[in-house]
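Following: one structure in structure tokens, then a few remarks.
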Amino acid sequence: MQVKEYKPLIVAFCCNWCSYAGADLAGNNRLSYPADVKIIRVPCSCRVNPMFVLRAFQRGADGVIICGCHPGDCHYTSGNYYTRRRMALLFSMLDYLGIERDRTRLEWVSAAEGAKFAATMNDFVEKVTALGENKRLEDLRCKK
Amino acid sequence: MNNRTETLIPKIGVITDVRIDTPDIKTFRVVTPDGVKPFIHRPGQCAMLSVPGVGEAMFSITSSPTNEEYMEFSIKKCGCVTDWLHQAEPGQQITIRGPYGKPFPVDDEFASKNLLFIAGGVGLAPLRSVINYCRHYRDRYGRIDIVYGSRSKDDLLDYREIIEEWSKDENVHVHLTIDREQEGWDGHVGFVPNYVKELGFDTDKTVILCGPPIMIKFTLDGLYALGFDKTQIYTTLEMRMKCGIGKCGRCNVGSRYICKDGPVFRFDELDELPDEY
Amino acid sequence: MQKITRDQLIEKAASLLGNGTVSCVLGWEKGEFDYDVTPALFETESELREKFVFGDFCGANLSKYLVSKTRKCEGRILVFLKPCDTYSFNQLLTEHRFDREKAYVVGIPCEGMADIERVKELCGDGISSVTADGDELVVTTLYDDEPVRVKAESVLAERCVNCKSKKHVAYDELIGEDGEVLSSARFDEVARLEAMTPDERFAFWQNELSKCIRCNACRNVCPACTCERCVFDNPSSGVENKAAANSFEEKMFHIIRAFHVAGRCTDCGECSRVCPQNIPLHLLNRKFIKDIDDFYGEYQAGAEVGSRAPLVNYTFDDLEPGEVFERGGQDA
Amino acid sequence: MRKCSLESIDRVFAAINADASLYLPVDGDDGKAVYTKWEDGVKWSGALNTVRSPKSFFFPQMEDLVQFRTEGKTIEVIDPRKESEDFVVFGVRACDAKSFEVLDRVFLVDPVDSYYASRREHGVIVTVACTRPVETCFCKTFGIDPAEPAGDVSVWKTDSELFWQSNTEKGEKLLEKLADLTEECTDEAVAAQKEKINSVMSRLPLADLKADAFGAGKTMKFFDAPEWDELSESCIACGTCTYVCPTCQCYDIKDFNTGNGVIRFRCWDSCMYSEFTKMSAGQPRLTQKERFRQRFMHKLVYYPEKNGGLFSCVGCGRCLSRCPISMNIVKVMKTIGGKADE
């Protein structure tokens, strides 16, 4: 019997103005990153509320990454500063509940950083792959 | 399958026809995947329709039990299930379970009586099955009067059927009214309660009343003024329901469960219930 | 044992009712037993004399009731607030949840409230009476002929053992002397959990949160949870579940609830007090408070009206979420 | 009647557990008893009762009713139920045993709720007479005798022995299985035990509470009582009372889209919640007073009216000790019922 290789499912919330364009650039430049990264475009990284992160896990994500403009570059002036505080607290809380740290990440990726986007995703996927399937924040009903 | 396993597990129904009645009411024709009527019901009973993932809701069966081919539901767009149904096209499958509730006493108390149906807006929907049942067994009943009103001509439900069939029946008298003057309407204009008073019915009738609460309230006052007694007037109630079998507790009013002990009530029975419906 | 008496409070309330300063009084009503106290609104002096109670079991924080009662009542409402309750009061004012002019706050000192569960642990069940005597509680039970005496401090509620402040941060009038902000050990338990391995932490919370029956008592009693409509009650949110189907939903409810009050939670401890399953919910809220203190500087919600909560604020050089974990603690 | 020594209890549990899962109250880490599956080493709790009632064995807080798979316009309906396994619930108190009768009259009347019925068929209830009732107990108010608990098997515990008596065919069968571990005995010790319990019962603070003022036909008498305003004044609209109550049985049916199908499940609901009766067309119970009133009227008037005078409260006292604001059925009965006598 052939053992199926474990491929994590990653949800990446990307800000419309920077990171989504960064992902686009990565694609244009033919920089490869795993196809298991599902990008969800959001108007600003601060649109991502903690519920989004948790529900991504519920629906089967093994890792959730949020990408936004670099601090100071937010299209809406200050959105990503709020994201930074929120996610710092949320990730810390998830850690407190015993959820693996490497399943969540916040990264700043500008529209010009296609290479950084691909590298970030590769690194993140690698870390999540090492952790294996998300067992601590899973909803069994959503597993096939 | 025995009856027990079927209480909360629905059957599949197929929407075979969608008729646009008014801007916000559509009538859906439903059969089983084999093309037959999902189940046998009595006039005034309800069925639980659902769209998996969207929700389940209780609707009156608007087609008459005498229709042996299919079931019809006239549904007003007003919530998530109804919104979804309004987008559905013929061929769409839904789920259906029932029949639920106590029917109108068409073969007992109504037998050989003169009947007066009073409806407002989508309130005609639950009465339509009774009206058509009584028309089918015409010789079992006396004179039939139907007072029906809506906001405008366009909002009159089953208008074509009313004009082409009901009005043409012998000894069936249809009185239509709309709330405001409208071009192309030469019938009566005014609210249902006032129209009932204007028409001034004799009290030798059994009344079946359904419509918005405010209409019911004023029509009742009018009927009492005309000399009608509570024991002569029937209505059908609406409450939030989930199970349809008198267990989930949602439609509990006093010692009654509307889904099981109702939805049809005589007004003297309602007097024993707290005013929470 | 409380330093002020029921009679002192009734006298105060009666005189304020009498001179027309207030039209009603928000206080505590005695129950069936000596310990089951119900928050209540009193309109007359005779009602107060008949039913009002104050003692070691008046833990209920009355500040949240001001949101609904100030809308309902004509005139001002006298509300008795213990020091910790005044923080909630300020926080509600900060969020414009009611009109300050409609409340007349009488600050009352608090020596810490007793937890009936602790009394039962020490004295056995079948409690027929509990009365205060000096710094002791005299407890009689159905099964002991002799009353049992316990030190009041030995049956204090957890939140009172770790009391953060005996200082009133809001009042119109004070009965007795005001206290000081205390340096409490309230974060010790959080630190103990942080020091555990992730597996231990996971096991701890999995066990605690699996007890949750989703009765919403923690949410409904919380002075910071005053949304007119909660996301967990909104059918179109997709999370309006009345029962937690599995451990995911148990966690989601409590993480989201704690997150929603993060930076606004005054650590009044009502959530843990009311939990029918004794889940230490305050440990979630305190984690956020501790993190906020660590990451963004000390902040006590409700300490002053109008202060900007940490989650609606930022600085240019805030900590990155990745750096949070570099600060210590254990990971798998 | 049969008896066994308290020391042999673990062997008895093992014997019961041999062919049916055994559940019994066990002290949790917070000192509160919880029904737990028995396995070697698990100790039966000496606590009077559990925080959560045993109703969840038959009416779980959450259960899947049906599953759907949709494809295009078509739907497939799947019954998710598997054959229930036999189980035994040990240590049920008289009040909770009575609650099953209250629930039966809802779920087992036509049309029968097959989910509940199947569990009832597969479950054996072993009750244990109370030895230490507490101040919140008022089962006597509803005619329940804690010394004479119902159930398939009744058990009395003395300082050194357990006495077993079967009340039903199911109970008979269970005792047959325990024949080697128990011995035939007279009921003298049990009679003495009953007397002891009854003497405690009369000393309880709520011993004199009467429900006579309530029951069928009292709807209009109490519905508009002005006291409801005051009683419901500080209710925080949580569901604690409902969820710890052994007789509350209202439920909600909801759909959950898993991404690869829809699960239709039911879960406990509470009439205390604001959207309980909310419809797209309106809301018949607009304020907390009306919802609060519904709960108590249902227990004390509506339910008895429908069920031959049987009250839908068994006096277990859980709501008395668990309500966040200490408002409960006893206070309601005293206030509303008391005023009616005047």
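Letters A, B, C and D mark the chains in the order given here, with residues in each chain numbered from 1 onward.
Note that contacts are C-beta pairs under 8 Å (C-beta built on N, C-alpha and C of every residue); 3 or more make two chains touch, one makes a residue touch a chain.
Owing to the predicted nature of the structure, the values given are computational and were not obtained by experimental measurement.
Asker: If you tally contacting C-beta pairs, which pair wins, A-D or C-D?
Answerer: When the contacts at A-D and C-D are counted, C-D has more.
Asker: Which chain has its Cα centroid closest to the overall Cα centroid?
Answerer: D
Asker: Measuring from the mean C-alpha position of chain A to the mean C-alpha position of chain D, what distance in angstrom results?
Answerer: 46
Asker: Calculate how many whole Å lie between the centre of chain A and the centre of chain B, each centre taken as the average of the chain's C-alpha atoms.
Answerer: 53
Asker: Between chain C and chain D, what is the separation of their C-alpha centroids in Å?
Answerer: Averaging C-alpha atoms per chain gives centres 30 Å apart.
Asker: Quick one: which residues in chain A touch 2 or more of the other chains?
Answerer: 141
Asker: Could you list which residues of chain B touch at least two other chains?
Answerer: 80 - these are the residues of chain B that touch more than one other chain.
Asker: Touching two or more other chains, which residues of chain C qualify?
Answerer: Only 235, 245 qualify.
Asker: Please name which positions on chain A make contact with chain C in the complex.
Answerer: Listed in rising order, the residues are 50-51, 54-55, 57-58, 71-72, 78, 81-82, 84-102, 104-106, 131, 136-141.
Asker: Can you tell me which positions in chain A touch chain D when the two form their complex?
Answerer: Result: residues 59-60, 141-142, 144 of chain A touch chain D.
Asker: Would you tell me which residues of chain B are touching chain D in their complex?
Answerer: 3-5, 7-12, 50, 52-56, 78-80, 82, 89, 91-95, 238-240, 242-243, 245-255, 272-274, 276-277
Asker: Residues of chain C touching chain D in their complex?
Answerer: Interface residues on chain C, with respect to chain D: 31-33, 36-41, 60, 65, 121, 125-128, 142-143, 207, 211, 213-217, 219-221, 233, 235, 241-245, 273-274, 276-278.
Asker: With touch defined as at the start, can you tell me which chain D residues reach chain B in the complex?
Answerer: Residues 65-66, 68, 70, 73-75, 77, 79, 106-107, 109, 111-115, 117, 216, 219-220, 223, 249-255, 257, 262, 264, 266, 269, 271, 276-281, 284-285, 290, 294, 297-298, 301-303, 305-306.
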